[in-house]
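Have a look at this one.
Chains here go by letter, A, B, C and D, matching the order in which they are written, and residues are numbered from 1 within each.
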């Protein structure tokens, strides 16, 4: 059950001009967060920007005793709202509504978990990695960006035992090309056991490519989508994505309620009219 | 000729919950300011609040060598725009357009200058007091507020040789009642020479009362008005006030161009439809 | 303090309702909002059959507002009655159903189905959706058509009938009159303003549908004017809406002449807004020593010299 | 790079002009803006005689917009020609005069006076001021009246004639058509939306006149839609406006179908805006390798499935 918290900014760690990790104090949200869920953040008090902005939870923040006190987001500045967030300084407060949405499903025992992140699509994999650690499964994170300078927080994952495979389109760090290139190679190279569960978050073209690979190898695959959202609560029907119906047709599912995490096999990727 | 300056906040001195003196770096404006003039300040970057807000110049700020580097305003928080200004911290920048409007006229040599201020109407009298000091004339400032806690910056005026007469409606400081009470008494008590020039700024009811006293004693009187302004440049015709025409009629004068300082005798006080 | 108001034979606990299309079928909010405390839950526009709606992007933000072109995605009236109405009833909600049609017969049929169902308090007749050709705007922009569709539905249902008017007309009050003459119990207004936003880099519209409906604070001053105009021309109650985000906004509509209000876009920003609006309204009433909210309705004092 | 556009026989250096009523008579800005660099200076609405206008308060801010009810205070056409026009000419401004009338004869007479004066580039016929009963809205909301007043002024002046349309109608494009048929060289739109804001503490309107006209960013999406609709229904050029604050906004209007634009409310916020808009437009054109601004006009690519 989501709650609305007037959350204080605890820290804002600038990663580059455009990227920052911003921490919020919000105990009532933090305790309930499941990996893959998101929060709706009001980036201004007045009428502009009017709507809240959806953000995946990046880290769950804990106090010295390990109690959840808040969460952070991994913010990329793209427009007005994300700029206001990126300029926020500790002490400022933002209304945060959450946690919202359907979280990732954990893989069957014994499965490896391969996560695929593009850009800010890294966000949901911090909490997922931790949750998966408890399962003892091998975790790999395929993480791609345009350029090496935009591969952030790699050291967030290595210490907790996640195998990292990096890729950049310009080849400045890791492998050259899209992150799906090493993913495809590794999938082809694997022997078949243990089974692999795929998780992906990033641009839709990437999600679509990962979904295709999952289908090719018959793997379970969940994708965290990022459709434009008005309310995050199921009220406005703006955030829809086309999914298959049991009868073989398609319908528009609200990604804030039925997602943002979907089974990749359910999604029809060509629903957008452009 | 007004200029638009992206002015940095140099300081913000909080006087109370609602009142603050805020200093801006704006050399290009500071050099040109005449007492009674105002600036139009954009309180936000986006579309809300949309319009600039008019503020009298309080102090002209100077650097160590006495060169004008900026100005301050005496801000009362009444709504959205003034709240944004009141929350501003050093380093923030605000677009400031100025200086604008018709300044006070200095009195004839040998005249005393009696200034009458209600609330934030104090603002224009800091620069006027300084300018008048050069003339060597006696300066008195009748300064009223609702309560003693809202009589600010009294020590701004005493050291520069301005005689202060204070009044509060609740009697917590100075005389009890409206500031026009001591003003009326002092006017009645004076011998007639040297001549007195009156200057007033504050709520319109006060301006009107001062204008009536000026008329009764045949004194020159200038009032600094504060009508609602859209542009400050003469473009929108929103800031009008009814003034007498030579032919004995009335017309609406733009207070941003022909004012904000008017000769009290020219103003028709009952133009507002409520 | 009495916050209740009357819309035809219907008594609402408070004058504050959710607006259609902005609160899903209400059930989405049942966990976080006590639906029984709302004046009414006005549910998403329903056709007879299911509808897919438009492809995304379906919304875009504009200065102090937003455009939407959802395209009335919906489950159809039969599934609504089966799947949603029981839960709404169980939660104690006063349910107003917003209905759509492509023909008069479809409106009539939807109304008939709802009239036979248990737990529908009133019907809001959507003749004003700007987002689909058949969304009723063809009914809502012509006086004769408005009269015809309202009359036909009037004959088909004993439920309080509330045509919802479009603001995209020259003289909205004449439509309120046509609705009144055709037997409406109230009118609600405004629906969204037909509008458009263009991505100048691609030179394509920002919404998949091309155009959409503008809602939110941006439109409030126009909506208040329209409510005022209608209130002076009809005797049936008016339900006002358009950009309400605060108790002061609610009061603007009441004072302009609305008996009740709906809150749409603002519920996206704050799903907990209803309680805040109600307590703000109570504060105002106690400050102004107003016992019954109905006393406020239409109390605007217009200056003598005004043009209308 | 060619920023010039044609409005009838008139060639404008750039497609960006000041909007009537938002830039005084232009002379107020002569010290701070080089008036000769604007596409045109459109001056405040003029009647035959002087007018006092409405008492203050004349403006009030609303979310991302403002209401005004200035009431067309003005010096009348004769004083304008004597006192303002010479200075505008001396500054090299292209002057478009916005004219008002309470009768067709008055419009005709004002147009005649201006046609005989030296230095008027075009006439904008204000049949859309929502703020005074006689401000032309009586002409602007009826197709027949629009046709009549445009025809009459057409016969009285050889100057390019630009009726300015009100958005407060059901189908603005039909008014553009009526103007075209009556011989207009172009149409401009939108004037302000009739609107209202209430002070809930006093229960009185916030403007002395009761109602006022809404302008500013809030209305932009509606204005863009209306320009698009008109552009598809008439062949004469369209001058678009409503909430322009940035070069991207200028581009929205051009792409929707406007040949030129006017900037109103935003000049209050930034009197230096014209230079910024022009350089933003140039940046865009060089980024997109567009040589002539006219190439952009009406290039919106509407999706196949759209409803209009």
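Everything that follows uses one rule, which is that a residue touches a chain if its C-beta (ideal position, glycine included) is under 8 Å from a C-beta of that chain, and two chains touch if they have at least 3 such contacts.
All figures in this text were calculated on a predicted structure; none of them were measured in a lab.
A.B. asks: Ignoring chain A, which chains remain connected to each other?
C.D. replies: Take away chain A: still one piece.
A.B. asks: Hey, how far apart are chain A and chain B in touch steps, shortest way?
C.D. replies: Counted as steps through touching chains, the separation is 1.
A.B. asks: Determine, using the mean of C-alpha atoms as each chain's centre, which chain is farthest from chain B.
C.D. replies: A
A.B. asks: What whole-Å value do you get for the distance between chain B and chain C if each is reduced to the mean of its CA atoms?
C.D. replies: Once rounded, the distance between the two centres reads 48 Å.
A.B. asks: As a quick test, compute the distance in whole Å between the mean CA positions of chain C and chain D.
C.D. replies: Averaging C-alpha atoms per chain gives centres 33 Å apart.
A.B. asks: Distance between chain B and chain D based on Cα centroids, please, to the nearest Å.
C.D. replies: Result: the chain centres lie 36 Å from each other.
A.B. asks: Can you list the residues of chain D that touch 2 or more other chains?
C.D. replies: 63-65, 202, 204, 208, 216-218, 303, 305
A.B. asks: Indicate the residues of chain B shared as contacts by at least two other chains.
C.D. replies: As it turns out, chain B has residues touching two or more other chains at 47-48, 273-274.
A.B. asks: Make each chain a node and each touching pair an edge, then name the shape: line, ring, star, complete, other.
C.D. replies: complete
A.B. asks: What residues on chain D touch chain A, complex-wise?
C.D. replies: Touching chain A: residues 63-64, 303, 305 of chain D.
A.B. asks: Across the complex, what residues on chain A touch chain C?
C.D. replies: 1-2, 4, 42, 47-52, 95, 97, 227-228, 230-231, 233-242, 251-252, 257, 271-274
A.B. asks: Tell me, which parts of chain C touch chain D in their complex?
C.D. replies: 54, 62-65, 67, 131-133, 141, 168-170, 193-198, 200, 202-205, 208-211, 214, 216-222, 224-225, 228, 243, 248, 251-252, 255-256, 284, 299-303, 305-308
A.B. asks: Which residues of chain C touch chain A once you look at their complex with the stated criterion?
C.D. replies: Chain C residues touching chain A: 21-24, 28-29, 31-32, 44, 52-53, 55-61, 63-66, 68, 70, 73, 202, 204, 208, 216-218, 245, 265, 267-272.
A.B. asks: Mind listing the chain A positions that touch chain B in their complex?
C.D. replies: Residues of chain A touching chain B: 46-48, 80.
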